[in-house]
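Presented sequentially are two complexes of chain A, the first with chain B as partner and the second with chain C.
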Partner chain A sequence: MGEITVTINGSQLSGSEGMTILEAAQENGIDIPTLCHRPELTPIGACRICVVEVEGSRTLVGSCHTPITQGMVIYTHSPKVLETRKVIVELLLASHCGSCFMCDKANVCELRRIAADLEVGLPRFRVRKRYYPIEDVSPYIVRDLTKCILCRRCVRACNEIKKARVFGIAYRGFDSKVVVDFDQPIDKDVCQDCDVCISFCPTGALSRVKKLGEEKKGKALVISS
Partner chain B sequence: MIPTQGKKQEDLLILLEEAQNKLGYLPEELMAELAKSLDMSISDVYGVATFYSFLSTKPQGRNVIRICKCLPCLLKNAQAIIESVERETGIKPGETAPDGKFSFELTNCIGACDEAPAMMLNNEVHVNLTPGKISQILKACK
Partner chain C sequence: MPEKWIVLRNCGVIDPKRITTYLDRDGFKALKKALAEMPPEQIIEEIKVSGLRGRGGAGFPCGLKWELARKAQGDEKYVICNADEGEVGTFKDRYILERDPFTLIEAMAIAGYAIGAKRGYIYLRAEYHHLLDLLGKAISQAREKGFLDHFEIAIHEGAGSYICGEESALMESIEGKRGEVRYRPPFPPSRGLWGKPTIINNVETLMNIPQVILNGAHWFNQIGTERSKGTKVFSVSGDVKKPGVYELVLGSQLRELVMDLALAEKVKIIQVGGATGRIIPYDMIDTPLSFETILGAGAITVFDESRDIIDIVHRTIEFLAEECCGKCAPCREGTEVMAEILERFSCGEGVERDIGVLEELSNAMMLSSLCGLGQAAPNPVVDSLQYFRSAYESRIRKN
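== the complex of A and B ==
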């Protein structure tokens, strides 16, 4: 493994061959936001949140899937990068259902956290929203695709970690959707006692089945007067 | 239904096209069979089948009308053409007439932008469309 020297935000850093820009930055304490990327999964560069500016490159590049090369000059937080990230989140939110205060994942939602970090305000873009019926056929998993942002983390987690290949992406453009078999509500035996995709979902699109009255199973609260 | 000996995952699109030509659409049993013999998931096969507008997962009518929904055609008022086809056939995009005479679909660019608005009727391209032309073309259909 050869050593590679790169310049990130003006300071010279070294990384090893085969490392991505994101990894090199993280190793040196530079925080680049990511959404579709997880270190456990194959990077696909779908969401574009992690874009950075590379000198000599015509466009911004996705840092999660671009390997570093000798002498690369990278800016991770230039005005152009920040503006681009902000617009990307605005576009994601524009077609997202957008009722955080009604959502169970409200305070743990990665999309919401990134939107807050980048100070994305109220959406400027008016896009027709698509609502899908909630899929709660399976006793193990509930899918609410209205909240899905098509990051494909569930697809990759199921393919690469569980190796069950339950999900696929079907249709095209605005109609794109994570589907199971022939676009059926999810109800698979392999999903039994497997929470892999749920733990990877950045939004509230995938969740465990919440049993009614679960809160009452705790220790009884005794109020002594 | 479609021979798959020695076929690999990268042959999927060709096999789907073959099936589409032979059967007129892609039945679920066929897609499930293909997924099994190519060692793919059904959802991946379905994903490819639904991505392309020239592959259909539902039975189609004897004549398939495909109107381009891309920007150049829309700027040349494809909407009026779409509406006149709706009037002539009584069906909306994505539907098949109950008598099986027509299927009506919106498709991505068919490469006739210079003569927009354009449509395909079965395998024939019709260009510079007007609502008047539509009723003429559709009357000739059996």
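== the complex of A and C ==
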């Protein structure tokens, strides 16, 4: 593995060959927000939250999947990058159901955390909201796809970690949807009690089947500013 | 600059069902010359010197693409001909395939030899199903004549998706997966179809190859402008008296094509390059058509004074929202938001701040989308806001 020198936000840093921009930044204590990416899963570059500016590139590039090259000059928090990230988060919020105060994931929702970090307020876009009926046929998992932001972490977790390949993507564009079989509610025949996808879901779209009173167990949640 | 037939030289002259008529027109001479006299590196050098650039819209230098694939490590390599021709208002590839499938086959065989590929695919648009038989017969005739001993060509039919004309989605489609884009790098010449080095060329790009091989790079290099060599085949449609396919030397004026050849009158708006292309007003009709200025895949849609710009942009964005693959957030959500805003403008319900929102959104989509569709989807919005801003302002709700 050869050493590669890159410049991130003005400082010269080194990384090894094959490393992504995100990995090189993280290794040097620079935080780039990510949503669809998890280090345990193969990158897909779907959410575009982690875009950064690279000198000589016409567009911004996804840091979770772009490998570093010798001499690359990278800006992870330039005005252009921050503006773009904000619009993307605003877009995701605009079609999201928005009933956070009733959502189990409210205080641990990654979309909300990123929105707060980037100071994104109420979205200006008046786009339609996604709505799907809750799927609660399975004794192991409840899917509320109204809250899905199509990061596909569940799809990859199921494919790559559990190797069960339960999920797929159907339909196109705005109507894209994570589906099981021919868009049937998930049931115990296709999915067993493994929880892998649930632990990867950044929002409240996937959750365990709740037992009565369970929410009152454990430590109280505190909303951090 | 005049019309000139390099790509279309055999169209309407040969019988696309009989290879002998093609052989009478110097058919497969370039392939014979390449195989007998030219090592692969020399062919690539020739293409590089010719200055031939991709005709599918992006304009990537063809020779460079081939060289990257030639040098890439791989036990197997592939040549793909992109005959998906999904861009709105283009029909040049169909015209070519209907009339001269043999030149394409010859070019693919040369490309295969040049990069070291043994297999090629023609990715045929679903709507061009009627050409399947003609192409298949052309390939088998070429095989019977012994021109395809070193190279095998298969036809893969698309299933009707616009995004599958995008090279990475096209490869996913051939692999039998959902037609969705991949992130790059790695680019196809290093890791493409099934992870192997692959070149993907538009039909029209490949049609130039045999002529470049036969006449030499220098001959080709003399035609066109400084950075746009050769000719371009245009598909002209819309409010014109003579819609159709025209081949012009690159650098020719839009006026010559639209007014003199296609006989348009009272032109108001011209969309160059289809749904993701540029929209320009009549004032700019003296713009030369080249990679330096505007070109795209050569779709020219003409709108006369009876047409409304907001309707055109709204319909275009609705189309793109429909055809977006849904993988990346800015394109999936952004096209939908744009369609919503434009729908309100089209019925006079716009709000003043929408214009600023459109501009900001366009900027973010262009900068962050995963593929060319999302990056170019805001083009019609940006251009119309630049040249026809008053049309938007007049649709802002009063009171």
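By definition in this document, the second predicted complex is superposed on the first by the 209 of 225 C-alpha atoms of A that agree within 3 Å, B and C clash if a C-alpha of one lies under 4 Å from a C-alpha of the other, contacts with A are read in each partner's own complex, and residues count from 1 in each chain.
We adopt the following convention: a residue touches a chain if its C-beta (ideal position, glycine included) is under 8 Å from a C-beta of that chain, and two chains touch if they have at least 3 such contacts.
Note that the structure is a prediction, hence the values are computed from the model and not measured.
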Is A:Phe182 touching the first partner chain B, the second partner chain C, both, or neither of them? first
Touched chain A residues, chain B compared with chain C: C
Identify the partner contact of A:Phe125: answer first if only chain B is touched, second if only chain C is, both if each is, neither if none is. second
First (chain B), second (chain C), both or neither touched by A:Val196: neither
Which partner does A:Ile134 contact after superposing on A: first (chain B), second (chain C), both, neither? neither
In the overlaid three-chain picture, which partner chain does A:Ala46 touch, first (chain B) or second (chain C), both, or neither? second
Partner chain(s) touched by A:Cys100 [first = chain B, second = chain C, both, neither]: neither
With the two complexes superposed on chain A, say which partner A:Ile169 touches: chain B (first), chain C (second), both, or neither. both
Overlap of the chain B and chain C interfaces on chain A comprises residues 168-169, 171-172
Would you mind writing out the residues of chain A in touch with chain C in their complex? 43-49, 51, 59-60, 62, 65-67, 80, 83-84, 87-88, 91-92, 94-95, 124-128, 149-150, 168-169, 171-176
Contact footprint of chain B on chain A as seen in their complex: 165-172, 179-183
Report the residues of chain C in contact with chain A in the complex, numbered from low to high. 161, 178, 180, 183, 185, 321-330, 332-337, 340-341, 353, 357, 360-361, 363-364, 366-370, 375
Given the complex with chain A, which residues does chain B contribute to the contact? 28, 31, 40-47, 50-51, 53, 57, 108
